[in-house]
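Common to both upcoming complexes is subunit A, partnered first by subunit B, then by subunit C.
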Partner chain A sequence: MAIKIALAGNPNCGKTTMFNELTGSSQYVGNWPGVTVEKKEGKLKGHRDVIIMDLPGIYSLSPYTLEEVVTRNYLLNDRPDVIINLVDASNIERNLYLTTQLVEIGIPVVIALNMIDIVRKNGDKINLEKLSKELGCEVYETSALKGSGLKEVTDKAIALAKSKAKTIPQHTFDNVVENGLAQIEVAVDSIISNKEQSRWYAIKIFERDEKVLEQLTIDSSIKQKVEEIIVACEADMDDDSESIITNERYIYIGKIIKKCLNKKQVGMTTSDKIDRIVTNRWLALPIFVVVMFIVYFVSVSWLGTIVTDWTNDTLFGAWIQPAVGDFLANVGAAEWLQSLVVDGIIGGVGAVLGFVPQMMILFFFLSILEDCGYMARVAFIMDRIFRKFGLSGKSFIPMLIASGCGVPGVMASRTIEQDKDRKMTIMTTTFIPCGAKLPIIALIAGAMFAEKSWWVAPSAYFLGIAMVLFSGIVLKKTRLFLGDPAPFVMELPQYHVPGAKGVLIHMWERGKAFIIKAGTIIFVACGVIWFLSSFGWNLQMAEEGDSILASIGNVIAPIFAPLGFGNWKAAVATVTGLVAKENVVGTFGVLFGISEAAEDDPALLAQVASMFTVISAYAFMAFNLLCAPCFAAIGAIKREMGGWKWTLIAVGYQTVLAYAVALIIFQLGGLVTGAVSFGPGTIAALLVLGFMLWMLFRPYKPVKKEKVLSAGGQVNV
Partner chain B sequence: MPLTMASQGEINSIKSIRGKDETKRFLENLGFVIGSKVTVISEIGGNMIVNVKDARVAIDKGMASRIIV
Partner chain C sequence: MRTLKTINCGETVTVVKLSGEGAIKRRIMDMGITKGTSIYVRKVAPLGDPVEVTVRGYELSLRKADAEMILVD
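Right, the complex of A and B next:
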């Protein structure tokens, strides 16, 4: 029979790093708490019959956060054979709090004292022998990052699972509490079938844990008796039962720490000193702005352009494209095949691939910022500002990630505990232009604004942020999202110098998706677009204007006419953008029959320029940036929203808002410049603008919700 | 006094945490229990980063004002 080993521990203590090391997989590891939200399974390297379970990081086994519920249910219901409890050695006191709970559930526990290298570097000493004796389980020093000590831990875990040994909790609480717990154990003895867990259940009943009480179905006479015991105890200790237990645990840990930990350094750590400056009241925002400006300037404007130009002009333009063209001509391939490969495939896919180096540089910087611990601080810095717009600081991390790709961005929203905040973040995250939308921005900027295009990219980001903030204010006033943003509590990782390996893996993990997309979805989509645009309904090669695609595009086009791009090519490009946003550029490339259409190709720019006016081009860009994201992101939204209803609300809201914004830009912008004359469209745009402003400024009464705790019957103040 | 009034760098001991809700429990689980030493590392408009039990925790103003030191 397979042995199941569960990895449990505090958030950000290295569980996923260890999981990857043990199983040889490459799950996403982030440097802020809460990256793993679902449990993940893998096989231990070299052992076919040993399964490793990576569980979400938790601070305790109480049922308050999503992660806690997932982990607790797994441990109690699926009962792994053994738990490896990762303890962050540099923060041992807080980490042991969870340990005191894990040893109570009747599953053998091995402790991996992780990040031991940091402790050694600080000059602190931990007495393993004493610690092991005090806790009643084996303790091993590990460094998941360096892969040291892992074999010892897993060997011990496997041995424990085979011997079916038990870990017996060594700690005792205050006499009053112990008395109460003993009485509860006796009172509910008949209900608990698994005697190993009777202490765990006694404590949970004492704490009035709702989920446990629901699950146990205790009859009312016993319930009343238990309640009397608890109330008596609470009166004695002058606190509520749950706080009593928490305090008792920490008192016990305090005693252990005194015996086992020899701390050399007192006072401020280097990490704290950095925080003094980086999160300083006056300096925090300027530092953040400068950091982000440098990241985007280097990766998009300066270094990014150099490598992208090289990829487009040299790699594709001078080497691949002529080589393939010559090769096909030499072997005497049919004209349609040459057209398919050179115009369709290389034209479309090349447009996307040419953009990969630029994205890689951006991801490289974002990975460094994340790995060193700065990203987690950004949430703290932004909280005060975001709170004014009805969002919490935690919403900022998903948005920052979404500037790379919307899919992980949407997924990162899981760290937001409060349901309404999380849903709102999911709905607005994709407004931030992702890597795949950058080619659209670059195309429009190059085609329409030529020499004076420097402001287009920043304005696109600004538009995205403005829409996030607008949505924050407006949505908070609707019935769906009414209420204050959740309180902000977040543990911050210690600063550390990012490892080259870690950063490069991060960069590759993020960038890989784009290359795979170019080779699969976009490859196929470009082929399909080429076919539909080259053939008529009679399946004969036809002029573009008579093609299948043109007739489909002509049906959709009128929808976009009020936005200024009611021609079939723009309509088709917008629709293909749903497959992947890079496709918008790829589609233009195929449609204009330009092989290797990079977004800065002069021929493509000229063609695009002839299709739009300055205003309609900007409206086109705005619509494509804000409307429903690509299918992959919609899929992520559905997973995170947990159903179609909220997915449709989200995607619908995004598309309607995009339409409204594009309408206002084209109609009112056109009116000002004289490109559009006053008519029904302008009136509609004015009405929409008026409605949006009214939504933005209408007063609303914030309903302060008083939460009622059912367990103790107390009302919160 | 509430933690919001503590000055930067000064080590304080927690006397009590007001309220009786999930937020209080969550804070307690994170190590904000009576007797714990807290140090304010930095503060922006009431939001704070504090060091408690060797961990750095960011909390908003509302929460900081409920922690009495």
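Right, the complex of A and C next:
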């Protein structure tokens, strides 16, 4: 029988680092059933029969966030053999709050007092013996970053699991509360099957925890009796039951801290000093801009371009492609096979894989920003702006990451607690041009705006941001998002130097996701497109103009005619862009018969330039940037939205908005520059623009006010 | 009675009571802002909101709208 160890703790307590240290490479990442919270498990190094379950980082076991509910349900229903509770020793007071709740569940608990090196460095002292006695469970000092103390903790956890010893909560509430809890325990005794959990349930019932009350079927007579007990306690303590419990827990922790922690009074820590500058009233925004600029300059403009060029021109262009071509010719492969492999597959996938080094550099920076604690400050600095648009300051993080890749960007929306804010973020985050959309921008900029192309890329970002803000304001007023803005109560963790290992693992995990996507979806898509564009309906090899793809393109092209790109190649490229955005460039390459086409290939640029006008090219770019993202991102949206309904709402909204914006750009922009004459398209564009402006400026009526109004009406009657 | 919202940077105050209810109140309390806790108002974000406070030895940021729920002395 395998032993199950659950790893529980606050966010920012080093849990991910410890999990990586304990399990090495034997990790399995999935989702908790039915919800969108990530589930990680792995085998303990050197113990094949010990499973480590990494629980979500949480502050409490309240019923209000998904992560907390998932953790509770797991601990109560799946009953791991033992809990390792990570406690950030440098922030022990708040961390122990979760501990007081974990010890009540009836599962043995071992405490790993993590980040002990920071405490020592500060000159503080924690009395382990006393702490252990006060909490009723063993306490070990650890440093996950340095790998120290981990063996002692896991050995103890395994021993506890084998001995089936119990952790008995040492904490007692105020006498009045204890009295009430005892009465509740007796009253509901027949309902609780597992007696080890009866104290936990009694406390939750006392708190009137909705989730627990839903789950337990309590008789109305018992319910009434319990309610009387709670009301009596509340009257006695002059507070609501939930607050009484929370208060009492912190009072108890305060007592422990007094006994066990010997804090050396020092002035400001290094972290304080950094924070004083980084979030300074006047310096914060300039520093923010500089940080973002450095990230983008290095990963997109300078180093990113160098490595991408090398991958495209040298690795694929000079080495792989000729080698594969020669090999296929030498073994006497059929001409169509050579064409499939060299032009179709290597041509398409090569352009995409050229992005991997660039993406890795971007992810490297983002990992550092996250690990060192700056990301939380970003949310702190940006909250004021984002809140106006129905988003949280934390929405900045997904959007920043989405500028690298929409898939992790959408997944990063998990850090937003409030459901509406999260959904809004997911719906709008892919408007920010991701790394894979950069080749589209580069292609259009290079082909159409060669002389003045410096403004094209910034304008694409500006367009993306404008659409995020527009959507925030407009969607906030719709029925889907009516309601109060989310609370923003966020910890600002201490700054620390990120561990190289953690950053590299992080970077690799994100990069790997992209490579897998390139290696699977895009690989297949390129093969399919090569087939469709190389074969006619008679399944014989044909010229592109007679291919299956051409006829498909011809059928759907009229849809895009009002947007200025109603020719089949542009239509096909747009459709393959739905499979993966990078494919737009790859597809043009394949369709124009240019193998291994990078976005700056002169032949490709010339071909693309002949296909568009300046205005229609920009409309094409705008549509492709804003419309439904690639399938991988749609998959991520579905995962985070938790179902198809919201996924379809999100993708549908994005595509309709993209169409509207491209229509306005082409029709009205064309009218102004004289490229398009006045016609039905102009009228349609004006109507759409008018509708969008009305949506933007119409007054915002929250639901609450309507309720007040109707109540007032009744008074008048 | 003053609320946390009205407190200037650099002041230290003690929590008297929390108004409001439900998820937001529980969240604020879970993060350690309970009756009798001392709160040091550290700074205001560059754009004027949210505020950063030190509570129970760590840094917490919260919006002024939520800080209004916290009655202090």
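As a working rule, the second predicted complex is superposed on the first by the 660 of 717 C-alpha atoms of A that agree within 3 Å, B and C clash if a C-alpha of one lies under 4 Å from a C-alpha of the other, contacts with A are read in each partner's own complex, and residues count from 1 in each chain.
Keep this in mind: contacts are C-beta pairs under 8 Å (C-beta built on N, C-alpha and C of every residue); 3 or more make two chains touch, one makes a residue touch a chain.
Remember, predicted model here, so these are calculated numbers, not experimental data.
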Which superposed partner A:Ser616 touches (first subunit B, second subunit C, both, neither): neither
Partner chain in contact with A:Ser241 - subunit B first, subunit C second, else both or neither: neither
Partner chain in contact with A:Met268 - subunit B first, subunit C second, else both or neither: first
First, second, both or neither for A:Tyr97, with subunit B first and subunit C second: both
Touching both subunit B and subunit C, residues of subunit A: 59-60, 62, 64, 91-94, 97, 240, 242-243, 246-247, 250-251, 275, 279-281, 284, 379-381, 383-384, 387, 393, 487-494
Subunit A - residues contacting subunit C, complex: 59-60, 62, 64, 91-94, 97, 239-240, 242-243, 246-247, 250-251, 275, 279-282, 284-285, 379-381, 383-385, 387, 393, 485, 487-494
Touching residues (chain side subunit A, partner subunit B) in the complex: 59-60, 62, 64-65, 90-94, 97, 240, 242-243, 246-247, 250-251, 268, 271-272, 275-276, 279-281, 284, 377, 379-381, 383-384, 387, 393, 487-494, 707, 709, 712, 714, 716-717
Complex contacts: residues of subunit C adjacent to subunit A: 18, 21, 23-32, 34-37, 43-50, 52, 56-63, 65-66
Residues on subunit B engaged by subunit A in the complex (per definition of touch): 8-9, 19-31, 33-36, 39, 41-47, 49, 51-60, 62-63
